[in-house]
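What follows is a set of structures to go through.
Okay, so subunit A shows up in both of these, paired with subunit B first and subunit C after.
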Partner chain A sequence: MEVINALVALTNYVIIPATAYGAQLALGALGVTLIYSILRFSNFAHGDTMAFGTAVVILITWGLQAMGITFGPLPTALIALPFGIAVTALMMLGTDRVVYRYYRRIRAQPVVLVMVSVGVMFVMNALTRFLIGVDQINFADGERFIISARTWNQMTGMREPLTLRTTQAITVVTAAITVAALFWFLGRTRTGKSMRAFSDNEDLALLSGIDPDRVVKVTWVLTAALATIAGTLYGLDKSFKAFTYFQIVLPIFASAIVGGIGNPVGAIVGGFIISFSEVGLTYAWKKVAGYLVPAWEPDGLVQLLSTDYKFAVSFVILILVLIFRPTGIFRGKVV
Partner chain B sequence: MSPTRQPGDPSPLRAPLFFAILALLILLEGLTTGWNSALGILNMGLISAIMALGINLQWGTAGLFNAGAMGFLALGGLAPVLISMPPTPGAFAAGGMGILTAFVVATIALVLSVVTWRRMPKGRARGLAVTAILLVGFFVYRALFDPAVTAIEAINPSAAGNLGGLGLPTLISWPVGALLAAGAAWLVGKTALGLRSDYLAIATLGIAEIIVAVLKNEQWLDRGVLNVNGIPRPWPVPYEIDLQARPGFAEKAQAWGLDPTLASTLLVKLAFLALFIVVILLLIWASEMALKSPWGRMMHAIRDNETSAAAMGKNITRRHLQIFVLGSAVIGLAGAMMISLDGQMTPSSYNPLRYTFLILVMVVVGGSGSNWGSVLGGVLIWYLWVKAGDWGPEIMQAVMGPLPEGDFKTHMINSAAHMRMLLMGILLLVVLRFSPRGLLPEK
Partner chain C sequence: MSYLDASNMTGGYGRADILHGCTLTVERGQIAVIVGPNGAGKSTAMKAVFGMLPLRGGSVMLDGTDITAMSPQDRVKKGMGFVPQVNNVFPTMSVEENLEMGAFIRDDDFHDTMEQVYTLFPILKDKRHQNAGELSGGQRQQVAVGRALMTQPKLLMLDEPTAGVSPIVMDELFDRIIEVARTGISILMVEQNARQALEIADRGYVLVQGTNRYTDTGKALLADPEVRRTFLGG
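After this line comes the complex of A and B, so read on.
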């Protein structure tokens, strides 16, 4: 019984939150990795793209709610999501036209493009703040729990609570659908194949008549979609605050690099590695330890790291990967 | 470097002209808003200029992208706390030894694991051994560290609760700040340099967040978010109270037509200004000399064509590490100076947009690779950043004036403060696109 209690506590406090967070990171890392493999630079503006997309989704959600449209037990933001993606995609295409295209023409070094993305980051950041301000916003509505502590207790009669929030389930399901659609697109469609060809060998792809402008445009649209979905899911699960989205680029980059930057499967695996390490190392294990070793009464929280140091986890993993396997687990690109 | 001017070269009058415009802006600020504010902007602008000089060494001279200036700045800012604050009575006896032993244990564990990794044959046994060393090391470290921290933080928690400093003169803490930052930079550079160019950017972004998190949370070190106040000023800078109490000061101030309080604050700011100008001139002199030397020509050769420099037998990764550490040391110096100027350490005020990315804007706008450009960019961008914070709402008020009162108008006026972010982003993009060499291009 004690072992089961320990398992329930573990599921409740580590496995469920880390899975949801991992799915959000994976979607973010997929966006970063796509930009990296097609446009060949690390996009520092990605966090702010996520923030911008989410801000648009929130505004549309409010609009829908004002019109009395809701999604039953599901959050209204899911209806707003496609519109948010469309607006963000237009924004990305516009940014590419005005900013990035010139640097592709002159074949600028990747590090110059990184600097350019910092400029874009400032602009996106300012736009997001204009749109929605800097405050914390909670925009999840609908049913809060799929399994609340009370139903769990009625279902199983266990005193150790287990909760599954709707947003957590939605995160995982939406992420799974998005990833499946993305992989289908990259693997099965003509455009997706031309994108992979472009990523593998740009010159050869150009020789075979692949239109680079089209590939780049599709990439931006996909990135906008991934960023908006990731941002909205993260915002639904936790809450929206512009600055958090800026900070989340670090775990996202770490996920992409750990998995092997430029490699979509790697981005997903990396996202889960980072999220499980982060949650696992900052979780206070006292409860689980108490169930497993009843005789032991730990005086502290048995927490390996304080939650304030969660960034340190992504960083240390990043450094270890850079030292021991710079190409990442799945052999990404190294230029 | 050629003695005859090339057709595309900028006019030699360009630099004096831009600095004259800058002086005029500061003068206008002094005449309209007051000299206190003008000197305040100038002082902070000069500190930003020093940060920009550090970033310029990395970005302008070596093309290294440092996305973690904030971290090195904050680490440098720790130096005045640890060097020039008076020690907390009893703190070292309570937990100082415990913390030192804990750090020694951690270092031993790390060194031991590295040695094991290198010595043992490849295989599962090696992985297990290293993991075991690290795990045991971590738990021993926590067992020593946690009680020591509790003991220190229990001492007079409302005013101290930290180790305190050594009570040495503040000027000494400036080079120490540079050393602290250089140490951190060496660790990061050692792992991230020599790989893909933007790995360094991501690694520095991470270390910056971590350093600031440490400063925010480790109360025994710098009181965390409780802030350290009353950090002593560096040597020649007087205190306002002492000035006002000095016999004859009030009369002199009145002779200048100034209120004695105002005169004392202005004098303090001027003293800081003089100190900062000396530091900037020394830094520029040193880096100009270094860049003129064979070492500097080698750095330029590496930046302009890494492959051919490598073919000439230059070790690019080592040179990059060297310049990265040097540049970070300059940022650390600026961090220590900033904390002595403010007189307090507030870890929660470190914001990456302001202390990392704004510095990049300064360097790029001033002119990558040009030291005077960094100084110009530092002061000018800081001026714009401060003033845009004021102008934004005013312009928005004027634009929104004729509109009826309502949610939209309030929202727009409240958001106007974010205009400076937009301004900086657009400025950076425009300079990168249309004038990539900046206002004062490198010679």
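After this line comes the complex of A and C, so read on.
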């Protein structure tokens, strides 16, 4: 019984939150990896793209709520999501037209493009704050729990609580659908294959008659969709604050690089590695330890790191991977 | 008039010219081979034919049409196929996807062409779901040639197709190239393995410093004591 209690506590405090967070990181890392493999630079503006997309989704959600439109037990933001993606896609295409296209024309070095993306990041950052403000915003509505502590107790009679929030389930389901759709697109459609060809061998792709401008446009639209979905899921799960989206770039890059940057499967696996490490290392294991080793009464919380240091986890993993295996788990490409 | 008639090509990458009045012609269904010492401008001459090098003088005619000002992509649409020497496949894509990408500019059904490529290179059919980057050097060259054949070119240009493969694989590749020529496709290729390449050549060009030194049938060049002594090592 004690073992089961330990498992329930572990599921409640580590496995469920880390899975949801991992799915959000995976979607973010997919966007970064897509830009890296096709446009060949690390896009530091990705976190703020997520923030911008989420801000638009929130504004549309408020609009819908004001008109009395809701999604029943599901968050209204899911209805707003497609519109948010469309607006963000236009924003990305506009940014490419005004900023990135010039640097492609002059065949700028990847590191120059990285710096350009830092500039875009600051502009996007400011734009989002103008648009929606700097405060924390909760925009999740609808049913709050799928399994609340009370229903869990009634179902099982167990003392140890377990909760599954609607946003956590939505995150995982939406991420699974998005990833499946992305892989189908890249693996089965003519446009998707032409994007992989362009990523593999740009010169040969041009020789084969693949239109580079089209590839670039489709890439930005896909990135906008991935960023908006990732940002909205993260915001629903945790709440929206422009600054946290700026910070989340670090775990996202760590995910993409751990998995092997440029490799979509790697981005997903990397997302979960980072999320489980982060949650696992900052979780106070006292409760679980108490169930498993009743005789042991630790003085502290058995917490390896305070949650304030969670970004250090991504940072250390990032450094270790870059030192010992820079290509990542799935052998991404290193330009 | 020859199917390909590139005459008096002059040009280079920077200020200095690499080609000085170089002339190459290929008849329909024939194999033309460019040989010569290192730095003679062999690959450059082929790139000039394909439009990857700006010409300062001379012209390129394909089937009686002047294509001198056309981009490489437009030349592909006109019936040219080009197999670069290196980086000539999409390594993380399957063999079949490589062939599909070769047919990217085609709007019609290309499955017959794909079957033809598989008939020509049976090994590719066995490996069609494997990634091109995982194949051996010789198989990868077959993918590269197959990719170029997907647009059903009338003129196929090969830049050192046997570079870095074993002698046995080289013989096999040459056999396949002869088969391609028998289907009516003209072939222009640059080769390091001069002796073997000239044996299958209907026409051979010996380039030296960007200009034609000797031009004759492959057999005649092989028999020419001067050519043998200077370029084929005796």
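One rule holds in what follows: the second predicted complex is superposed on the first by the 335 of 335 C-alpha atoms of A that agree within 3 Å, B and C clash if a C-alpha of one lies under 4 Å from a C-alpha of the other, contacts with A are read in each partner's own complex, and residues count from 1 in each chain.
Just so it is clear, contacts are C-beta pairs under 8 Å (C-beta built on N, C-alpha and C of every residue); 3 or more make two chains touch, one makes a residue touch a chain.
All of these numbers come straight from a predicted model, not from anything done at the bench.
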Name the contact category of A:S306: first (subunit B only), second (subunit C only), both, or neither. first
When the two structures are overlaid on chain A, which partner does A:V265 contact: first (subunit B), second (subunit C), both, or neither? neither
Taking the superposition as given, does A:A197 touch the first partner, subunit B, the second, subunit C, both, or neither? second
A:I329 contacts which: subunit B (first), subunit C (second), both, neither? neither
Partner chain(s) touched by A:L78 [first = subunit B, second = subunit C, both, neither]: neither
What is the contact status of A:V99 with respect to subunit B (first) and subunit C (second): first, second, both, or neither? first
First (subunit B), second (subunit C), both or neither touched by A:V172: neither
Tell me which of subunit B and subunit C touches more residues of subunit A. B
Can you pull the subunit A residues that subunit B and subunit C both touch? none
Using the touch rule from the top, collect the residues of subunit C that touch subunit A in their complex. 72-73, 76-77, 82, 84, 87-93, 97, 100-102, 104-105, 147
Contacts from subunit A onto subunit C in the complex sit at residues 190, 193-194, 196-197, 200-201, 203-210
Looking at the complex, which residues from subunit B come into contact with subunit A? 63, 65, 67, 138, 146, 191-192, 195-199, 201-203, 205-207, 209-210, 213-214, 216-217, 352-353, 357, 360-361, 364, 411, 414-415, 418-419, 421-422, 424-426, 428-429, 432-433
Footprint of subunit B on subunit A - complex, ascending: 41-42, 44, 99, 102, 109-112, 114-116, 118-127, 129-130, 133-134, 246-247, 249-250, 253-254, 257, 300, 304, 306, 308-309, 311-312, 314-315, 318-319, 322-323, 326, 334-335
